[in-house]
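Structures for review follow.
Same chain, two partners: chain A is paired with chain B first, then with chain C.
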Partner chain A sequence: MYYKLRKILFMAAIALAPIAVYASPFNQAISFYAGYIPSLGDNLYSYEQQNTFGSTNGVDGINRSFSGFNTSHIHRLIGATAGINVKIVMYDFFALRIGANYFKNVWGGKGKTVYDDGGTTRLLECTYRYDGFDIPVTFGIVIPFYKDMKITFSCGIAYAWGRYRNKFESDAPLLYRGEFKGHDYPLVLNVEGEYFMDEKVAIATSLSYYRGTTTVIKDSKQGDGNTDYAPLDFTGYRFLLGISYYFKPI
Partner chain B sequence: MKTVHHTIIITIALLLFIFIAHEHAFAIGEFSIGLNAGLTHDPNHLEPAITQWNTQSKTTASDVDQISIPYSFVWGINVRYQFNYFLFRIGAHFTSPYSVRGEADSTRVKISTYQFGLPATVGLIMPLKQRAYFFLGAGLTYNYAYLEIKQTNPDSKVRYADSIPGFHYIMGAEAPLTSKITLSVEWMHQEGRSIPIKDEVSGTDKRTISVKGDFLLFGVNYYIGM
Partner chain C sequence: MVKKAIILTTMVIVLHMGIVTGYAQRYAGIGIHVGAQHDVGDITTFYPDAKTDPQNSILFGIAVRLSVPYFFIRTGADTSFTLNKGKVLEDEAAVGVKSYNVKYAMIPFYAGLQFPLLDKGVFYLGGGISYFYGTGNVRLSDGSSKDIDATCLGTGFLAGIQLHITSSTSLYMEWMYVDAQSDPVITTTGTLNPNGYEDLFINYGGHRIMLGVMYYVL
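Entry: the complex of A and B
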């Protein structure tokens, strides 16, 4: 842990080194963001949902109702995310952004449905959870807009690690639990707008779009007697609000 | 043969557009030509089929080397004409992933695919400072998609190829390097799905190809006639 921390501090020192030269064509900014992710994990497909519960498209197809059963709608996940970004602005117009974000589901992914258990309709309680982190690296263009605004448009790639967990429980009795952990390198697009309150501090909004899916991952949850398979999907939009601090006046 | 015809027609159309646009570009506004290179994920939207194959293999075979959903380099050119706040852009891009393979016990699968796109865009451009722009646009796309899936044990081969109409939207930014040369970053999202295409090998099976996808493009642009 100590070694990792030293490595991170060393990398940060390299990234921030150009500010030592006041007249250099580089400027650096650090931003803190928080926001939300609609459809976190996309449809949360897994093999057992298709094989046992008849849903070929995960949470989208699992919702059913039947007379005499008290079901409740299972929504796609909405996630919350928070993170930090370091931006190096070069020659006023070009920017390199490196970030670190944590995300976790905060709403949806829980409810009751029914499934066909060999001719018998049964109530099924479903729970989906998803969390992880990512490190996006993007390169793009900074456009000064009037005197007190900047728009940054950048594209790149991220290292994304995710963990998807699901649980299906019925009175059959039946209990399926799945946990899938893995990483991928999704493509990343970022549009960021900053409004400067003074020469160094800005309020920022950001829209990010990630696109990437892992191969199929084997369930690592032991003890329920079943082995499930699922990909991790990082595709989706992120809407963020934050604050930026520039090390040199703009 | 069909592919060669398409390529010739598209190349001629593009050259004509460049020639005509250039001839008339001096009257008003600005004309530019650009080279693009970038990255896309999952060209021809093979993800559902690949995930299905991977899942089936993992649940039935003992030794599986899964098919990865491919990333692919994109190459292209674009010509643009802009005046005041309006932008007209026509582009051409090509993408083909290097290697898409999988293995499940003694069964091997190889997917060969490529996509050619010809997006025509109308948009709004915000000239901000010097030659710095931010632009948003949308338009129609002509796509040509090719997909071949070969499998061993049991041996099989299917091949689908056809033209696919679609649409796209694009967002980008541009900044000056010199008074005539700029660097750009663009994101293009495109949608489109073919009608069921007949397998060229068997002549009977049919499937659709989706060209839904995202392109991240970095470009160098040269302005003419200023």
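Entry: the complex of A and C
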């Protein structure tokens, strides 16, 4: 993984070498973004949720209620993300974007449900967490509207690394903890709008769609007496707001 | 005849002037739209292996839009009408559901950036939340029917484009994606739920496309 990351960073360094010549048909911009990811990690499926708690669809199916038990809804995760993005604009109409983003769950993924423990209904406390980073590289078309704004459509792939952790606890007594770490290369589609405040600075918004899931990964959390398996799902939308700085006036 | 021609020509000129010179900052507008959603209630989030004939619905709604040069706020209200019910085609006994008919009212609240397209229109992109109140019914695998009564909040985004047709009216088209699931509200009768837990949640999530007309009062 280290060598792959080094290769990506090396390629990024070449691609993003400062374009110093003023008359060059290239321009370069740096953007800082922050936003959110609905349904981070998708349904957070893992084998033990199916095998022990009867949920074939992770957090979606683990939610149940039953008379006499004080359950609370376990929502899908909402993630926050922040990152930096470097864009090379070529001949005003083409763009190469390379970014680096960190993401983490900030809401949801915690609550109580019930499960069938060999004929006895028990209360189960569930906790889900997900974080990671990604390096998207996309290429696309820029549509400039005079000196006021630019809309950029681009697509490509990302190197995405994620870590998914879950914990299930009941008074059986039972305590299952799982931790799954892995990476994948999801497809990335992006639409970005920039509104220029002056010739170099723009406020920006971006909508990205990632699609990609790792193979099934073995639980790296030892000591709880069970081994779980789960894929890491990077599929989902990301809505971002930010600010862009162009090194040359547009 | 000549009178009619003069009136029509004058109207065309006025309208054209409105189109060409009419763009000004539009601060507050109210619109009406129709829309559609495919796979309403998406039962495969409840049981991923289910083979379904998905429910399709049309939407009617009003949109309220507030904007300043770069930012916009979009709210309003939508209600859905079922075109065809959703059906589970295979694994009915395991899923515990035969068919479903999900109707809902939605109150969206989205905010984001907007990008004027010269003086012809505006492109906008925002994030936010939607509140859902759902009704309808679910026919279970044992033949019984249960009513849906479920609320929830969802998060998502809104992307849209407006084409200004006069100085105060615009056509708009919007794409809204929301991720929203209710609490479990119905006890299914499938083999996967032998204990009789309330397990079926209502999925209001998905993509919606809307097309409408907006009148700017300010």
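Operating definition for what follows: the second predicted complex is superposed on the first by the 230 of 250 C-alpha atoms of A that agree within 3 Å, B and C clash if a C-alpha of one lies under 4 Å from a C-alpha of the other, contacts with A are read in each partner's own complex, and residues count from 1 in each chain.
As a working rule, a contact is a pair of C-beta atoms (placed from the backbone, for glycine too) under 8 Å apart; a residue touches a chain by one contact, two chains touch by 3 or more.
Note that the structure is predicted; figures quoted are calculated from it, not measured.
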If you stack the two complexes on chain A, which partner ends up touching A:K218: first (chain B), second (chain C), both, or neither? first
Now for A:F93: first (chain B), second (chain C), both, or neither, which partner does it touch? first
First, second, both or neither for A:E199, with chain B first and chain C second: neither
Touch test for A:I151: chain B only (first), chain C only (second), both, or neither? both
Let me test your reading of the model: by the given contact rule, A:V191 touches which partner, first (chain B), second (chain C), both or neither? both
Thinking of the overlay built on chain A, is A:D171 touched by chain B (first), by chain C (second), by both, or by neither? neither
Based on the A-chain superposition described above, do chain B and chain C contact any of the same residues on chain A, and if so which? 145, 151, 191
Across the complex, what residues on chain A touch chain B? 45, 47, 50-51, 93-94, 139-145, 151, 153-157, 185-187, 189, 191, 209, 211-213, 215-216, 218, 229, 231
List the residues on chain C that touch chain A in their complex, please. 45-49, 70, 112-113, 115-118, 123, 125-127, 154-157, 159, 177-179, 181, 183-184, 192, 194-199, 201
Residue set of chain A touching chain C in the complex reads 35-36, 38-39, 43, 54, 56-57, 60-61, 63-66, 73, 75-76, 78, 114, 116, 121, 145-146, 148-149, 151, 191, 193, 195, 203-205, 207, 237, 239, 241
Which residues of chain B touch chain A once you look at their complex with the stated criterion? 38-42, 47, 51, 54-55, 58-59, 66-69, 71, 126, 128-129, 132-134, 171-176, 183-185, 187, 214, 216-218
